[in-house]
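Both complexes shown next keep chain A, but they swap its partner, so chain B is in the first and chain C is in the second.
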Partner chain A sequence: MRKRPTFVAVVSAVIIALIGTGVAVPAEPIKLGFGMALTGALAGNGKAALLSMQMWAEDVNKKGGLLGRRVELVYYDDQTKPATIPAIYTKLLDVDKVDLIVSGYGTNVIAPLIPLAMERNLTVVGLFGMANNEKFNYGRYFQIMPVGPNPPVDWSRGFFEVASKQSPKPATIAIVGADAEYPHNAMAGARKNAEQYGLKVVYDNKYPPSTVDFTPIVRAIKATNPDVVYVASYPPDTAGMIFAAHEVGLAPKMFGGGMVGLQFAALQTKLGAKLNGVVNYETWVPEPTLSFPGINDFLKRYQAQAAKAGVDPLGYYIAPFAYAYAQVLGLAVEGTKSLDQKKIADYLHGREMDTIVGKVKFGPNGEWAKPRMLHVQFQNIEGNDLEQFKRPGKRVVLYPEEWKSGTLIYPYAKARK
Partner chain B sequence: MLSLDLLLNAIVAGILLGGFYAAVSLGISVAFGLLDIVNIAHPVFVVLGSYIAYALNSALGLDPLLTGLLGVPVFFALGVVVYRLYYASFEKTGEESLRGLVFFFGLLFIIEVALLLVYGVDYRMVEAAYIGDSLHIGSVGIALRLLVPCLVGIGMTVALYLVLSRTFWGRAIMAVSQDSQALRLMGANPVRIKTIAFGLSIATASLAGALLIVIGPVEPSIGREYIGRVFAIAVLGGMGSIGGTLAAGLILGVVETFTATYYGPSWALAVSFGILLVVLAVRPAGLFGR
Partner chain C sequence: MKKGLPLLIAVGVLLAALVATRLVGNRYLYFAGYVIFQYVVLATAWNILGGYTGYVNFGTAGFFALGAYTATVLILAFKAPLPVQIVAGGLVSAVLGLGIGYLTLRLRGVFFSIATLALALVLQTFVMNWEYVGGAKGVSIIRPAAFPPFASYVEFLFFVMAALAVVSAMAAWWIENSWVGRGLAAIRDNEEAAECMGVPTLRLKLLATVVSGCFMGVAGAPFPYYVTLVEPVSAFSLDYAVNSLAMPMIGGTTTWIGPIVGAILLSTAQQVATVTISSELNLLIVGIVLVAFVLLAPQGIVGLVQRLAGRRRA
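Coming up: the complex of A and B.
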């Protein structure tokens, strides 16, 4: 009777045959795991970030992958809920066996990720977290938003720096923002900057995020007659504050600061000329001073896919940085020829890296070593045409000096005309 | 800081806000106040109205108020379908209290997710000639973006009041809210009447949604911000009292703007709900409830 070959013998024979014939057995992919806001309040940015990361993975794989291995993204929807983070990353690490991790979008979902990364000694790159590492001081945490080493203060420093250089120099300030985490941080930093730059705070109040009508708030601010108004708001409040400022006739010397939403086409096109004169934070704008190698090509490809993906059609704010935070991790893997978490962290700490958002160098706390948060002024906006926001001269960079592309129209009322 | 200008502006802004609050709450007053149906999905129907206004405004350039009006019969039909489903699944078997609540929760999520899939998560706004302009009477500034919703809200209240008090069907709705069993004994069909009443409550969401997107940008889950407020207004005004809903909306609007102007906006909601608690302690049926 003939003996039947065992399963192991058959598999061994096939492998030997493949090696013998020179057919390559594909290496396991390098898995990059993360949670991302694909639903919930921050899904707009989360989906744009995911598209950018997919573009990065595609670009890397076209060039042969990392360490000769294909890159595979493994991700789950964190629903913009911090409570989902521990379960998502535990699954990524223990079930999906990912090799590398990055964070999802925003401060709230990065916060619960850091203790988990610390427990397992993992290197983690964060996407737009505000001062997440302040309390942890974790040496393997890095963050791609170009705020700088002292996030709460560096966030609004540019706004105050610009104000301090004007003539007549502003002397008083109103600080207002939503009663939520980001505005709290931004307002705390603004208070410190106001003190440092010698501005007297004449109004300092928070409003509930569900506020419908902002005209009473703007009227109360107007009654204090401030030279500068610093606003830390979320998109619906941003629109409400800008409408109210126009309706009430609020005309400080400078207006804006930390308004979320003005970075995206949805609000830009609807608010149109009402944006003229507003000075606000930005991460990247299409000004000639910020034409870093690769960014225009990236944006062209991103914008071509944006409509289908249902994300911001411009993609200036988060998309290049979502590409870049994966890019720095890829550079570290290639640079160290390893997936060793310590080596990767050491590499990221040690050098300046070329990315599509310019040269990135992390400081000891994982934030950018040198602040590069932009402060721009909306100028010469006409009507609601989207195309105008793709042209230079519409959001001129006022700060930092190194990237400056225009001059502030001062006071605010003059730019509004 | 207590200037007359500021005081007058705060009162006017409160009235404008109150008119809008009434528009959003009318549907709840009918469903919850008259029919005893805890439709917590009502604000998301309002958001649906906003998206229809957005879609027609951006595609055809139609005024959001016109789209709101055009949507009324469609929303009425939608309300009829929703009530029939609710009745057949829960009310008929007497299981409406908890399961009915879950049904409306489910409806809320389904509509939200559907809007999310169709329109994405970006904030949407509309364009209209009156958005962004304001008129001034002496030192009082009136934002048209708020004046128009207030006037429409008052108009909706008057229209609904007239329908409920002067028409056959309106009186039938009031009768079914008082004693549906007695109505049945008289040979009328309370289910049919409740179907029409619920359709009417959802129909108000079409116009209220148009008003919402006139005031500011919307995203699919923004309706959740209004759940507490609309029920508070319906309860404060008195269950089922249409005039009371307007009065409660105006009270909450004025209190909110006063607090925001003089004591800081972070206290506005706390003071509003504090007033609600005080009123309920003194008049448990609400201001105009019977």
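Coming up: the complex of A and C.
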């Protein structure tokens, strides 16, 4: 009991001494809160996104943090389930008292977040959601995916733009996709683009998501003899469609468009040379035209950690953008010298920002002001070696013109050889 | 149990929920509490058919989603208020229950279960191709503004779900303690014998499917305002089917209190796991607890407590 006064005195003396000598007591960290798909259907990309965000936090903290405060990530597994979002973000805001929020990965987990952000006037940056703000038109929502101001149509615009410039110009199209959320959106946009670019739709069908044998579907498409085949598929179907196209000998003038999965090493190495000629969407590829400051260093560090983290070893599609969406938020905090949600939103609306994915400028609806969804063609793929996909010339950029790095091999059959 | 006691408990729970909305400032608790009460309704509803009658329903998600989509249609078409959505959701699901009952109650055991599972799949496929409710991509819903005495609409949702839990529990209590419950128990024990003894088996089974389906639909009706996105994968989630079956199994299927105990324990554990262990361990927790109870306490927690109390008395 006698020792207590001595202990209190020592502590008090230390505090007084610290204040007296001007030693800074560490400030509270700035907390960035989010839910992320660490399990469930989108866990592969969710984990890659988390790794990128941790790298961003590490980089920021090495430079002294934001506003002189350390950045701390507070996150929960949203299990790729929209129903978990209201509770997770309410806990982040009311219990964990986070200062800033960003979304998890994917359209369906962003959708329930926007009304919640609207109720509290929060700024929210989304990670790869399609047309989430179409209904809400919320002024403090921003989307890092470079689709552009009119997401459903801009998503496939490049594919049709490339097709329209070929000679002989294609006249007919088959549109096919899974009976699920993303393919529905992509197919709706493709129909509008087909109309705009004067392509006659000769086949327009959905298949059940559980389909495993795609041969009958491809045979039905082949029977309509389309010039272009636009496919909106999830990874297992993407593989199934490409295998079936080779088996059946489907050889339109252009093939691909909205196939999910071709952005990742797993399917690239699985399909190998069968990918030659396929034209598909991308967000970033290792082409010289897309060598933005900082991205190669980021990818080098990411790839070194990818195997341990159990994520896509290449990391071209989602990882740089997951870094960038935290990066723009950080730039806004530093730029406004504030955590005020309105000031941050105004900052994000007003200017072009330098990030590792290039210059980012948001339009009035929070989407990229100018579309930059890439359309690439797989060319000169040999065997199933992963390393080749790290080299330029394997996925040449055809669209947009500003980032073009090669020419389309046309028709598809020629590139397949 | 004294006749007035359940009513007192019900009023007590409702008052506690109302007082909670006045005293608790942490909105997270309303979201978590909403989910717990939602599972109380679902587990109780499942138990009316599965526990009392012995017909295992794997189609909970179908009835739940039907309630959710009925509410969605009413919101989109008429901006109908929540009480109207709940009544409509319950009625539509009850009608579906009646129809399914007529079609499937001649099937028994695993065949009935498969039929209910197929029902959920058929409904999901239908909804995925119904563009008015957003098809496969779903539709976003904006919550109405809060109104007194509730500070936020989520508080109101929490209170409404608490009230629905109370109503469903009272319905289960009434069934259990009436001639209906005795008839259902007779069907569960030996349907042929019950029929021979003059129990109107088909009528009682239909009543059970109607009441069970109705409460599942009622539980789904507030879902659009809770999550603000209604899409088929979430609305028809397997979680609802698994949890609504596991909760009565864990709590005990022969009494009205069993599903409530199971729902509170299991869904609280799941809510805690979501923000602590933070993974899809939710279903793993359900699986492990379910296996443990099936092996160690097949009558559930209530059965275990009754057995221990019986031993002590002896």
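Here, the second predicted complex is superposed on the first by the 399 of 417 C-alpha atoms of A that agree within 3 Å, B and C clash if a C-alpha of one lies under 4 Å from a C-alpha of the other, contacts with A are read in each partner's own complex, and residues count from 1 in each chain.
One rule holds for everything that comes next: contacts are C-beta pairs under 8 Å (C-beta built on N, C-alpha and C of every residue); 3 or more make two chains touch, one makes a residue touch a chain.
In this text, all values refer to a predicted model and were calculated from it rather than measured experimentally.
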item	value
First (chain B), second (chain C), both or neither touched by A:216	first
Touched partner set for A:79, first chain B, second chain C, both or neither	second
Chain B versus chain C as contact partner of A:390, first or second or both or neither	neither
First, second, both or neither for A:301, with chain B first and chain C second	neither
Contacts of A:108 with chain B and chain C, given as first, second, both or neither	second
Which superposed partner A:39 touches (first chain B, second chain C, both, neither)	both
First (chain B), second (chain C), both or neither touched by A:47	first
Partner chain in contact with A:179 - chain B first, chain C second, else both or neither	both
Contact residues of chain A, present in both the chain B and the chain C interface	39-40, 179, 208
Chain C-touching residues of chain A, taken from the complex the two chains share	38-40, 76-77, 79, 81-88, 90-91, 94-95, 107-108, 111-112, 114-116, 118-119, 135-136, 179-185, 208
Contacting residues of chain B [partner chain A, same complex]	1, 3, 6, 9-10, 13-14, 16-17, 20, 116, 120-125, 127, 131-134, 141, 143, 145-146, 215-219, 221-222, 225-226, 229, 256-258, 260-262, 264-266, 268-269
Contact set on chain C toward chain A in their complex	26-28, 30-32, 35, 125, 128-129, 135-138, 140-143, 152, 154, 226-229, 231, 233-234, 237, 271, 274-275, 278-280, 282
Residue ranges of chain A touching chain B (in the complex, touch as defined)	39-41, 43-44, 47, 179, 205-213, 215-217, 219-220, 223-224, 235-236, 239-240, 243-244, 246-249, 261, 264, 266-267, 270, 274, 310-312, 384
